[in-house]
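Please read through the structure below; I'll follow up with questions.
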Amino acid sequence: MNTIVKDNLRATPAHQPLTRRQIAERLARDIPEGWYVNLGIGAPLQVADYVPAEREVIFQSENGILGMGPAPAPDQINRWLINAGKQYVTLRTGGSYMGHADSFGLIRGGHLDLCVLGAFQVAENGDLANWATTTDNAPAVGGAMDLAAGTPRLWVLMDHTTKTGESRLVRRCFYPLTAVGVVKRIYTNLAVIDVTPEGFAVREMVPGLTLEALQEVTDAPLRTAA
Amino acid sequence: MNTIVKDNLRATPAHQPLTRRQIAERLARDIPEGWYVNLGIGAPLQVADYVPAEREVIFQSENGILGMGPAPAPDQINRWLINAGKQYVTLRTGGSYMGHADSFGLIRGGHLDLCVLGAFQVAENGDLANWATTTDNAPAVGGAMDLAAGTPRLWVLMDHTTKTGESRLVRRCFYPLTAVGVVKRIYTNLAVIDVTPEGFAVREMVPGLTLEALQEVTDAPLRTAA
Amino acid sequence: MINKIVQSMAEAMADIRDGSVVLIGGFGSIGQPNALIDGLIEQGAKDLTVVANNSGVGHVGLARLLETGRVRKIVCSFPRTADPVVFEKLWREGRIELEVVPQGTMAERMRAAGAGIPAFYTPTAVGTKLAEGKEEREIRGRKYILEDALPGDVALVEAWEADRWGNLTYNSSARNFNPVMATAAALTIVQSQHIVELGALDPEKVATPGIFVSRVLHVPYGEPTVT
Amino acid sequence: MINKIVQSMAEAMADIRDGSVVLIGGFGSIGQPNALIDGLIEQGAKDLTVVANNSGVGHVGLARLLETGRVRKIVCSFPRTADPVVFEKLWREGRIELEVVPQGTMAERMRAAGAGIPAFYTPTAVGTKLAEGKEEREIRGRKYILEDALPGDVALVEAWEADRWGNLTYNSSARNFNPVMATAAALTIVQSQHIVELGALDPEKVATPGIFVSRVLHVPYGEPTVT
């Protein structure tokens, strides 16, 4: 992939990449009622905004909240109630609290139906790299490795490429791994892509985008999902 | 040890063996306020009767009760509240409930100050045999191995000899072991005996009993505690 | 709307297959889900492995299940009660396999299964007959044995209160094995004395959060009559 | 009469020795026992190893403790917050050792310490940099690494309510690491917003039973101001 191709792609009037919020909205459509879901810090948290209240999806926050609700009104803040991103949240009717040992027991034990995480890179075998890109800062992993190793269904929400145009879907991650072979599906600003035993399989693309054009900005080979 | 010696000992008017209740009473005197204590099924449970209410000792029952109180009045029974011996009990003010995973985590983690168990045999190295004497019945261990391996201070309450006069204090247990090297002290109907790195050390005897007479009914060597 | 409350025993027992590992809550008769056990007998699954602390009293509940001959193996800590007639007879006749596990090890093996821990070291049973065949390892100067997680295909649980999300509370010592078994099975079926509105349970007091519960059946049987 | 409630910070901090491993509750600032941390600074113990999820915010609480230079090593999952100035500076200057542990592994290692489990296998971090130097083992077809228990000499805990036996409740997400740390330390010191009469706490709702608590100090500081 070279800069000219990237510029060509950007210039293509035929398709419009999704915004982060639009990716979250797209992903939210695939979460059925009744699932227990952990949303990673950052963009994945926005997914909750697009699950309508009448569709009961139970959000878990790894700091011990099962049944997390949206941000409180400014005059309704419980200052002891924060999510994993350290923002004030609420508890839904029917929600409950637990300590870290139980919370991560629940996560590691595979009881969540879905975890949505951001990523720097995903490899075609499902390897996830989402916790470190440099050794300049002190390493900080949080709960990412526990969520990635523990949740049977892991979806990634991320831009298809970096700001400078490098593909985040790769044959092999060169950033430090979070977990090996765990990603099941990727929602990007350009496409929805399954990770299969045969590699990346494109389920859908933004309107006007062709598989060939998508392949141009993707380092690993793509095929159409069966 | 032969039958004649045993009969001689029994005939000695100079000393009176303790009853089970008296052993329990004797042991209870050594439990200070503030200890967390698990009492094994059977005779050890009677120890609780001899700890006065004003001396706060917190009894644990491995089926999930911390702060177990005495049997309820007949018209005050909570039919969901039983001890490990499956007798109705009460909860003291300040007590609380937990499930088995937490209850045995507490036990295995060494948080109890004391566990009192019955025994078939105790060896001079502290080995405990208290769960099986025969292979005729289906083996049944309950929580004995967890309590014995987990509690840093394990005291045994038992008769000094079997009904037929065999010593229960032995050089080496021939009954199946519950745990290796765990018993710290033994309260019998004849004496209070510490288990030390040098073997059994007699702390006290019932009035009128001599170390020599006690040795006669004890298979392992005894010495006086320092 | 999530609603885990089912209206019939048949619905509660759906999909339990022959050969299942069934975890059954209770300590003696307290917290033992007898209605669900009767439902399982009615449902007819066979060749079962049952994990329970005891082996049944008299001819009811777990004892009745054993009596049907559909239990191939029982994993328990104390197969002895005031009246273990059914189990003792089967065992003496060699018609049931018995795995005796220390009570705390049994609880921890299920806790491990529920918490994604495949195996752990424990001091319990080191140097005893129950350690035979198990890996022994010295760690920081003390001996331990390796124990495997003990997952269930099904858990039968008795609760005190339940809501439609499957959040549960228990009554005093009837909690016992129920919450840990709820975490350790693929399909957790609950009988509850009381069904309450969503939101009626204090979020600080929920003992089993609904994520561990598949189905709830209302069984207001009153008080247990034996221990 | 058992009375774990102490009347002064000096009493609360007695016997904390140089070289101690100190477990400090909290997730970010929520549930972090800042008064006890200030007490520890005042008390003066040094050469400490601190186990905490984060590495402090601004110049208060844990950050202030790090700033004294008395912490030799920190074990944490996420040494990064909105304002981790103190830790970052020490780390860049090589004046503090850092052991990064996945958050769930950190919790489970302390749970193991409290529950008498010396080591356990876990799937978390398999195949990553954080598994380097750890034993890897295949169990029933999946790879796991061996993790050791992580016991503390001291735990500093923040509670919502406490009674004289040391029974505790927490406030919503301020529970976090506090109960598991209470089980994992030889000496567990609690600051509590409220002191209640023995018997005031619902026995079904006690989140940390008093057996895990050594001392309780009443610190009614009001509401946390940062997250």
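As written, the chain order gives the labels A, B, C and D, with residue 1 at the start of each chain.
Keep in mind that, in the parts below, contacts are C-beta pairs under 8 Å (C-beta built on N, C-alpha and C of every residue); 3 or more make two chains touch, one makes a residue touch a chain.
Values in this document were obtained by computation on a predicted structure and should not be read as measured data.
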{"item": "Touching both chain A and chain C (chains)", "value": "D"}
{"item": "Farthest chain relative to chain C (centres taken as mean CA coordinates)", "value": "A"}
{"item": "Contact-richer chain pair [A-D vs B-D]", "value": "A-D"}
{"item": "Chain centre separation (chain A, chain B; CA means) in Å", "value": "57"}
{"item": "Euclidean distance of C-alpha centroids - chain A vs chain D, Å", "value": "30"}
{"item": "Distance between the centres, which are taken as Cα means, of chain D and chain B, whole angstrom", "value": "36"}
{"item": "Inter-chain centre distance, chain C versus chain D - centres from mean C-alpha coordinates, in Å", "value": "33"}
{"item": "For chain A, residues that touch 2 or more chains besides their own", "value": "91, 97-98, 104-105, 107-108, 150"}
{"item": "Residues of chain D whose C-beta touches two or more other chains", "value": "108, 111, 115-117, 122-123, 170, 172, 203-204, 207"}
{"item": "Chain-chain contacts as defined at top", "value": "A-C, A-D, B-C, B-D, C-D"}
{"item": "Chain B residues within the chain C interface of the complex", "value": "61-65, 78-83, 86-88, 91, 97-101, 103-105, 107-108, 137-146, 149-150, 176-180"}
{"item": "Contact set on chain D toward chain B in their complex", "value": "1-2, 111, 113-117, 163-165, 167, 183, 198-199, 201, 203-204, 206, 209-212"}
{"item": "Of all residues in chain C, those that touch chain D in their complex", "value": "108, 112, 115-123, 139-140, 142, 144, 148, 169-170, 172, 202-205, 207"}
{"item": "Contact footprint of chain B on chain C as seen in their complex", "value": "27-28, 30-31, 53, 55, 77-82, 87-88, 91, 98, 100-105, 107-108, 110-111, 122-130, 170-180, 207, 223-225, 227"}
{"item": "Interfacial residue positions of chain B with respect to chain D in the complex", "value": "33-34, 36, 54, 56, 58, 60, 66-67, 91, 93-98, 104-112, 150"}
